[in-house]
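Common to both upcoming complexes is chain A, partnered first by chain B, then by chain C.
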Partner chain A sequence: MFRFVLRRLIITVPMVFVVVSLTWGLIRLAPGTFYSQERPIPAAVIQNIRAKYGLDQPWYVQYGKVIANTARGDFGISLRYLGQPVNEILWTALPVSATLGLLAYLLALAVGVVSGTIAALRQNSGVDYSSMAAAMVGISVPNFVLGPLLVLLFSLTLFWLPPARWEGFSVNLIMPVLTLAAVYMAYIARLTRAGMLEVLRSNYVRTARAKGLTDRQVLVRHALRGGLLPVLSFSGPALAYLVTGTVVVERIFALPGLGNYFINANLNRDEPLIIGIVAFLSILILVFNLLVDVAYGFIDPRVRY
Partner chain B sequence: MAVTVPAAAGQGAAVKGTSLWQDAWRRLRKNRLAVAGLFIVGFVVLASLAGPPIIEWTTGYTYDYIPRDSALIRAMPPLTGPDGSFSWTHPMGTDNAGRDILARVLLGGRISLMVGLISTLVSLVIGVTYGAAAGYLGGQLDDLMMRIVDVLYALPYMMIVIVLLAMFGGQSPFGQLILLFISLGAVSWLTTARIVRGQVISLKNQEFVLAARATGVSALRIVTRHLVPNTLGPVIVYATLTIPSVMLLEAFLSFLGIGVQAPLASWGSLAADGIQNIAIFPWQLICPGVTMAVTLFSLNFLGDGLRDALDPQMRKG
Partner chain C sequence: MRMGFVIARGVIAAVTVSVAAGCTVSSASPYFGAVDPPEGQQLRYISGAEPESLDPPQSSGQPEARIQFAFFDGLTDFHPRTSQPIPSMAERWEALRNNTEYVFHLRENLRWSNGRPITANDFVYSLRRALTPELGSRSAYMAYDIEYAQAFNEGGAFVRNKATGAFLADSESPDHRLVRPGQSTVTSNQELVPVKAEDIGVEAVDDRTLRIRLMRPIPFLAGLLTHQFFRPVPRDAIERYGDAWTRPGNIVTSGPFTLQTWRPYDRIVGVRNPYFWDADRVKLDRITFYPIEEQTTMMNLYKAGEVDAVLNHTPPAAWVDSLRGKKDYVDMPEAAIEFYTFNTKKPPMNDVRVRKAFNAAVDKAALAHFKRTAKPLTAFTPEGIFPGYPQPKGDPFDPARAKKLLVEAGYGNSRGEFDPSKFPLVNVELSYNTGENNKAIAEFVQAQWRQNLGLVISIKNIEWRTYMDVKSKLEYKGMGRMGWIGDYMDPFSFLALYSTPGGDNGTGWFDRKYVALLDAANREADPQKRYEMLAAAEKVILDNQPIIPLMTMATNFVKKPYVKGMFGNPQDLYSWKFVYIEHDRSKWDVEDPDPVTR
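Moving on to the complex of A and B:
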């Protein structure tokens, strides 16, 4: 177990560097620079800018600097938000995205597991069909359509909720979280239903019933544990998808999270900030995936490392 | 004799076995949701192909036609004429430049469906090749290749696609489409590779492969002629479900402004335009958004239906 975790952690390091190198390469190969603009800049100014940001050095020196920065966990100074260290931006944006993502995931987990389990217990009933149809709607409606429609309904027609802005942990979060959670709710409900259907027919559940446990005991102690394994293994990729989802949701609701900064950084060619966010999120996702795998071993006694 | 059936069968051509595909088709037809999905998808495809010329012919509107008369350059609600009365001229209304939204939604449909289809094909080519190679070669190479797939699953690949499109995009609308096909295909092949590998591994030790090898068929030919065709069922099912997910990714990129470039439009970019005016002209978001949602919904049902039809063991029942 310990060796497994250690080995996975060691693999994580080169992976992060591959991602960082790829991102850096893409930025460097692309035409144009961060200081390009409509109005021509005097050659002397360009020379000064290039010298200041080390762009006059050979590419391997610059690349080495990026890698060294990533290794130290200090991504330098943003090119766009003048004078602001990238790390500072990361730490102010992280709470926004983390709150959003965590609440959305918890909501999706709660609604998805409950409705999926009920659908599986009452297979082929009206409840089953309607919750699975709702899940299909959740998968099919893009979040950038769902979000604005919620705004239209709750903010612009009913005047119940504020349409945008970040005010910490407040009612402002209701619509963004709902928008972000919809797809995962749907996925988790489908996975739970499929997993539970399989487990409910398995021998060990039959044994549990046969020895006289009540339906509730069978469900809580035996069936859920096996039936939720697909949901657990979905949690790893889900974080990667959540990162993508927050990009859109932060944009719709004008929230100052990592996703919003990431898009702006790309449009501004803010190299240190792009690389900082990519590296940071890659590490986060890889570590989270490792945690999911470890948790798998605890929940499923058949898994051995 | 009363029993005539065996006699008729004995006469040769009368008995026909049902192939896997006929069987699947029969089962698919029984699934009402999947058939409805098939019809809606068919309708959307036909409308996006035939719709724009019909609109141009009847009203003179194309996706980028801006009226000469400046009084018409404004947003009009669906089914409303310039004077505010009922009119069929713009079934989905107009955008701020007076362009017909239906014509734009249909063009968006062309682009969105095309991206969905071509990117899925790209992902199939990569996924099938990779999976078949890993499965057939086996051993440590297989371990390594699948390890790489596991690793790629966990990476925030959409971030790299965003970087790619933001850095290299925006040169020309056509070049942007090519970039979209390739980058979306390149991030959607992982599951296909896993499916094909699994199938190839379970098939490669069967007698027909042994027979092929014994008659001196080359490894490449065994894979392409004997193994890959036998994996097609699950691959097609997965591909049907990849199309909506790729369309969603494209819409997501276009929504962020780094996908399809003007003057072309996709459902995602139309929705992004619509959001600007959501408070005053909600139809500009609702029309493309709902069209897209209905199409994805139908594609998903069709894919689920196909899976149940082609793989009876996987059926929910």
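Moving on to the complex of A and C:
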């Protein structure tokens, strides 16, 4: 187990460097620069700018700097937001995205698992059909439609909730979290239902029943552990995505999270910021996937490391 | 890859959100949404994109300018209604030597927000710093008319005789001959002396007198100086904190407010600066800027009464008809134009007849009607912005003449009629930078050409920064979209666009005769005569038709009826010291008193 985790952590390091190198190369392929603008810039001013940011140096020097920065975990200064260190931007924006993402994940998990389990237990009943129909709607309606609809209803018609903006941990979070959670809620409900249906028919559940356990004990101690495995696999990437990249919801609700930076860093060709965010994201995804794999060992007795 | 996925979603969202919530304009109230003023004197304003920086010379956009004007004052400010320059830190000034030298007299009670006095030396320091090559300011060209400013910024040099130590004179510059970097034209008994910051034509005569010398006559200098590039910055704070000087806690300001909070992508809060020279006039105790880019989100916040005003061009086009009747909707002509450029270096657009044909085949009145807020434009300067300017008229809409011109250019059949099949369509397309509005206009113009010429021109959208690149290198074929906003209130701000050769003007068209006309106009002392000379120069553009003028743009935004002293003006910039919250409902819908003499 320990060796497994260690091995995976060690693999993470070269993977992050591969991702950073690819990103660096891709930025170079994109036309335009961070200083392109509608107003003509005299050639000499462009020279000044390129000298200031070291863009006049050969590519291997620039690449070496990027790799060295990544190794130190300090991604340098943003090209777009003058004088703002990339690390500082990441640490200011992350709590917003993380709060939003974690709340959305917890909500999706709670609603999804409960409704999925009930649907599986009462297969082909009215409850099953209605909850799965609701899940289908949740998957099909994109968040850029759901968000504005919620705003229209709760902010502009009923005047219950503010339409946008970050005010810390407050009622402002209700609509963004709902919007973000909807799709995940639906996926988790469907995954839970499918997983539970399979497990409920399996031999070990029949054995548990034969031992004379109550329905409740069978469900909680045996069935759920197996039935939730698909949800667990889904959770790794989903959580990484939710915590870091909630672009659409952040824009609709004007929240100062990482998503805005991610989009704008690319549009602005802000190389240090792009690389910082990409490196950070890839580390998070790798770590979350690792956590999921470790969790398998605890939940599924068949898994051994 | 993930990155692509996320970007695609962002773009889809930007497009779809405005559709999804576009139906929320109700008609019962005379206002759009809630009209409960905030407590006391505070303004909550949506300022657009997250600012690049609060360092005045280091940013170039309007979203930054609007925020910086709350914190930094200039020698001159602009009239909130007309955008014309008015005295600010300078109480008066004189233009000398045919508009090539100006003397500014500073007010006596000028102070930084830490209580230290602001003197003429602060202006000298700030301008020298702004032009330092190492600062890499993209707005440095704003100051290139100041003596040797361009040479210093570009790393140029003077030529000196080694033996006598005397500088070589020159007719092109005020006294010394200039050599640009890379142009080595000195003989063995001469040497190059790099231009230093001290050589720039700005000088503190005494603590309250500033002299600015220019390379060439600039009659509109007072207007130019309202730009943030020229606003003084605090030397102490910059030397102590470097790039971090604009952070709350480090920053020292000179304008009506000081910076209290700056949370990126969230808010920037300014509070009253008691040391501001005109503090008695300032009524707002607090001003909050929210950087938001999503149009629908802004309108939602406005409607719910969470903000008091939004930046220009916020109402989505589909809402304009229903907003027009509302008392909080502002719609005024703007010192901005929308036009298409031709790549005059590539056939068939290297033929002026073809260019004229494509221009004459576009019904601009119909386009303006389609756009709702704009006015049709046939010339190159915006219409109705510069009082007294005898703007020339460009070619009118005339499809028959357009076809005739194309026949003359060699695209006719044996009966002398225009034959679309002969036209090299593969060499012509219309490119624009990605954006809903740009796309709608491109499709409209495309339909016009199809209808009036029988030519189906393909349209192509290109992502912004890629587009800038394609444009300046003249890599596009046919036509390209462009917009231009005046930097200062003078036709020259537009006409100067084609005063430089090379790819920067985006058309490849350059005419020395045109530049000579502009120079002569700026040497003219009589303002009306000068306007006539500028108009003659504008006529040269229209005769050569390197562009298709489309529209004079309009400011359009919403502000609550209780926000007073904030006007739709040609430059879309606001001088925040004039803005206040009117709690007396009886004064809401009446004309604001004159803001400057109030």
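In this section, the second predicted complex is superposed on the first by the 300 of 305 C-alpha atoms of A that agree within 3 Å, B and C clash if a C-alpha of one lies under 4 Å from a C-alpha of the other, contacts with A are read in each partner's own complex, and residues count from 1 in each chain.
Rule of thumb we're sticking to: contacts are C-beta pairs under 8 Å (C-beta built on N, C-alpha and C of every residue); 3 or more make two chains touch, one makes a residue touch a chain.
The structure presented is a predicted model; accordingly, all values stated were derived computationally and were not measured.
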Touch check for A:Val5: first (chain B), second (chain C), both, or neither?
neither
So, A:Ser140: does it touch chain B (first), chain C (second), both, or neither?
first
Please indicate which partner A:Leu213 is in contact with in the superposed arrangement: first for chain B, second for chain C, both, or neither.
neither
Thinking of the overlay built on chain A, is A:Leu286 touched by chain B (first), by chain C (second), by both, or by neither?
first
Please indicate which partner A:Asn266 is in contact with in the superposed arrangement: first for chain B, second for chain C, both, or neither.
both
Contacts of A:Lys52 with chain B and chain C, given as first, second, both or neither:
second
Report for A:Leu197: first if it touches chain B alone, second if chain C alone, otherwise both or neither.
first
Once the structures are superposed on A, label A:Ala295 by its partner contacts, choosing first (chain B), second (chain C), both or neither.
neither
A:Ile27 contacts which: chain B (first), chain C (second), both, neither?
first
Residues of chain A touched, compared between chain B and chain C (which is higher):
C
Once the two structures are superposed, pull the chain A residues common to the chain B and chain C interfaces.
23, 30-31, 142, 144-145, 148-149, 151-152, 156, 247-248, 251-252, 262-263, 266-267, 269, 278, 281
Under the stated contact criterion, what part of chain B meets chain A in this complex?
151, 153-160, 162-164, 166-168, 244, 248, 251-252, 255-258, 268, 271-272, 274-275, 278-279, 282, 285-286, 289-290, 292-294, 296-297, 300-301, 316-317
Show me the residue ranges of chain A that touch chain B in the complex, using the header's touch definition.
11, 15, 19, 22-23, 26-27, 29-31, 123-124, 136-137, 139-142, 144-145, 148-149, 151-152, 156, 194, 197, 236-237, 240, 243-244, 247-248, 251-252, 262-263, 266-267, 269, 274, 277-278, 281-282, 285-286, 289
Show me the residue ranges of chain A that touch chain C in the complex, using the header's touch definition.
23, 30-33, 35-42, 44-45, 47-49, 51-53, 77, 80-84, 89, 92-93, 142-145, 147-149, 151-152, 155-156, 159, 162-166, 245, 247-248, 251-257, 259-264, 266-269, 278, 281
Which residues of chain C touch chain A in their complex?
2-3, 6-7, 9-10, 12-14, 16-17, 20-21, 24, 33, 49-50, 52-53, 55, 58-60, 133-141, 144, 150, 153-155, 180-181, 242-244, 246, 263-266, 290, 292-294, 296-297, 300-301, 303-304, 306, 463-470, 472, 482-484, 500, 504-505
